[in-house]
């Protein structure tokens, strides 16, 4: 399933501010953490994690630029051209798990959470409107953090996570979110000697491991990742600090 | 057994990473060196930073036949490339700096900078767009390429490789026009296109792209054979090499070394050590002790 | 639904048998017509009987990528071809007489004979060897092809199709030089070679051969798209068409009809009816009622 | 198994005047009546029926021109480049069978005969020296015919065969040999209302059904045959009469 296959959007759900889920059916068999390249012909092509797995699949897309804005204009019955699933997804480790999702990072983590019925969950965002999948995981009683305190813990996901790490024994942390947050989570994992898997996002062109545009310290996010494990993450001097522009030029993050 | 010397440069094996595949960042090149490549050609670097074309920039052909790409010469610009070269050099294998420009002077400038950055040789990417013609490449203009090679040769002391386009009826004529180069690299991608029937548009945002991978191997082997039949100059074969037999095919056509691009996708980073092993096995079975013994073995003169 | 008209000739579908594949003998052409082809191009016929090259003349690429062939323009000679044409005409589909020569006068002579034999149109095979150059084809010499087309146009009343070689950097320039033709056929085979590593020789007795089949499809689609972007003339697309989607891809690039060669090998003689069915299914699903609606649909101007 | 595979000649047997069998091993699985294209690099490529089937396979080659002469120079340990098996082989029909082989046509029929333990066999040739596989099928008590009467019946294979057809009831005839002989056998089959399968030989270039050089009345010997059945054979006006030169020009047979 490497070439484009065309799927029809069956349902569109409003998830949060500027975030929509597009549900479709196809026969590909993604694992949590894997992604697809979505092509909107004549517009753009960009990577998206799978946010719903099973017969009905989904992408949960935050509107941030021209491409995602055009995707938000699509209606039920419209088509998507997708190739994938690509990359290495999450590896489920036996034991007690903490899942920490920041912003639209929850899209990537959602299908993993469904496969980890006993995991503790932290859902974080800048503000209440941006919290993703509160409803979907209501019964799982997620911990909630907002930067502005508009819901749940007031502060960063990492602060809330550190509280949990102090109180409880975890075997592994799964995380996805803004890179500085993931870097902080990696540091926490080291501090508390807990395993960690983080799903990274980098600018992608080919999605199949040849163009080098998504590379971080020699790791290709598109095929070696997007999910990386503790030792790899510890070795990444660029994590949360340096990224590459579409030209390949290094630039300091935000 | 696989060791070769080319323009006085030692390569532990004749399997060199082709330009444009996993060779933008220093650390990725380091990794490719560790994976067993005998040498590395950098991504083609130009005067200025370029983001390249919009996505989609790559299209995969069915049945592992190859890829169509239109990356659009994305590159960080020569000024930003010193640090990547420094890191790449740590891999202990020769690093060939690939450059592209639009005038002989630009090529010469870029070559000098690459030499300063520690490149072991320069590769001239002559498949860049020609100022004059519709879809034409610099590399089909014999006078222009002769001048480019001449300028660059005057500007640097390291060897200069000229990488030719197959999009011509006269590869031998073009090869002869760049006689001053220290080696010829044959071939760059073949001009192609793919249209998505359901979308009713060309897939690549640039519409046209370069074809690479197994589907162009017969074209590359032919180009190497044709040029070798007329010239003694070292040749680096490239185009569709995926297995040890493919590499041997190019060598028997007349290549002294080969480059590998698309196969990195098809077989993973292990492709260099896999191909090296396949070549060694064939050589042992056939009593061949060094690559040089079989260079051009299939030439009938 | 698939019916088209081209140069005033009606084709029940746009799927024409390409020159050189199962079209030497009249009875075989009859069989191809019965198998569903919309039209048939004969093998290229020359002035004199030619046995062609020694075996091997065909080499199969792995994974159904295509074929490499060097048949060497084997043909019974125009004098012996009348009977085959008479039989082929019995199939009830248009028969296009393909011819090759080395001068405009030869082409004109052959075209007149083909017209006498009842050909519905003439196809000029311009990929025959050029007197001048090493491996060069007649079809890259713009002045020569212009003259050939001019002579032939003066000599016959039936439509004249010019079949172009892809072995050039300037397909658009060549297409413009044969503007007098009634239709352009794009593309002939791509020059290639295969070496058998164990035998250490080129496989084909002629060493070089023409690449056909799926591996050249992106090259053919590109050629059709480039020429259509610049010219209004009818185009017949050929190169690697194996499925209904492939045919539609060429049509969207700008072809008014297509030819099928190697796929006759890959899918058998049923290939015409299979492709027709695949096209019809797609057209029904997408509300397209005639081929003309989608000719050039992928052009972005 | 379409590309060339290289096989090593393990044994060479002298079979008759100018006829040798080359035995080799490979993993292809030919059926009786199928053929291979044999390439002698730098020399020639030509079609050969499989004459021995099983783990050890064989080609039985009559020296008639430059290519087969070079093949006769090969020694044990030398290599052959072959592609195949190609074409449609014999179809085994239940019932009483008569197998009629003329000259080197016996090479094609031999593996079929081994699968038909009750078939009657006619081995024919111009003269005693050219009779093929007398030893191989000794226990099968073949009928023998030579044009010059140097062994067995004096006369044509077809005359001997007609005698048998008059005496016995057959369900099917399998034949291979010179085309005029096969044409006569086809006429006999019609006359005596017996089924027939004949394995034809025509000048071959591609061997894979695209070049049209082996065609007879629109049938491609390389893929539609080389074995043809009664109705097809009856329809072939060119059988035994007209063949095509390598140029494709029709020529009258001998």
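Chains here go by letter, A, B, C and D, matching the order in which they are written, and residues are numbered from 1 within each.
Everything below uses one rule, namely that contacts are C-beta pairs under 8 Å (C-beta built on N, C-alpha and C of every residue); 3 or more make two chains touch, one makes a residue touch a chain.
Model, not experiment: these values are computed from the prediction.
Among the remaining chains, the Cα-based centre furthest from that of chain C is the centre of A.
Centre-to-centre separation of chain B and chain C, using mean CA positions: 33 Å. Rounded to whole angstrom, the centroid-to-centroid distance between chain A and chain B, based on C-alpha atoms, equals 36 Å. Between the CA-based centres of chain A and chain D the separation comes to 67 Å, rounded to the whole angstrom. In chain C, the residues that reach two or more other chains under the touch definition are 62, 198, 200-201. Of all residues in chain A, none touches 2 or more other chains.
Taken chain by chain, the contacts run in an open path, each chain touching the next and the two ends left apart.
Chains touching one another form the pairs A-B, B-C, C-D. Across the interface of their complex, chain C is touched by residues 61-66, 68, 133-137, 140, 165, 167-170, 172, 190-195, 197-198, 200-202, 207-209, 211, 214-216, 218-219, 221-222, 225-226, 230, 245, 248-249, 252-253, 282, 286, 294, 297-298, 300 of chain B.
Those residues of chain A that touch chain B in the shared complex are 2-4, 6, 37, 39, 41-42, 44-46, 79, 81, 83, 205-213, 215, 217-218, 220, 244-250.
Of all residues in chain C, only 20-25, 27-28, 30-31, 43, 49-52, 54-58, 60, 62, 67, 69, 71, 74-77, 80, 83, 196, 198-201, 203, 261-262, 264-265 touch chain D in the complex they form.
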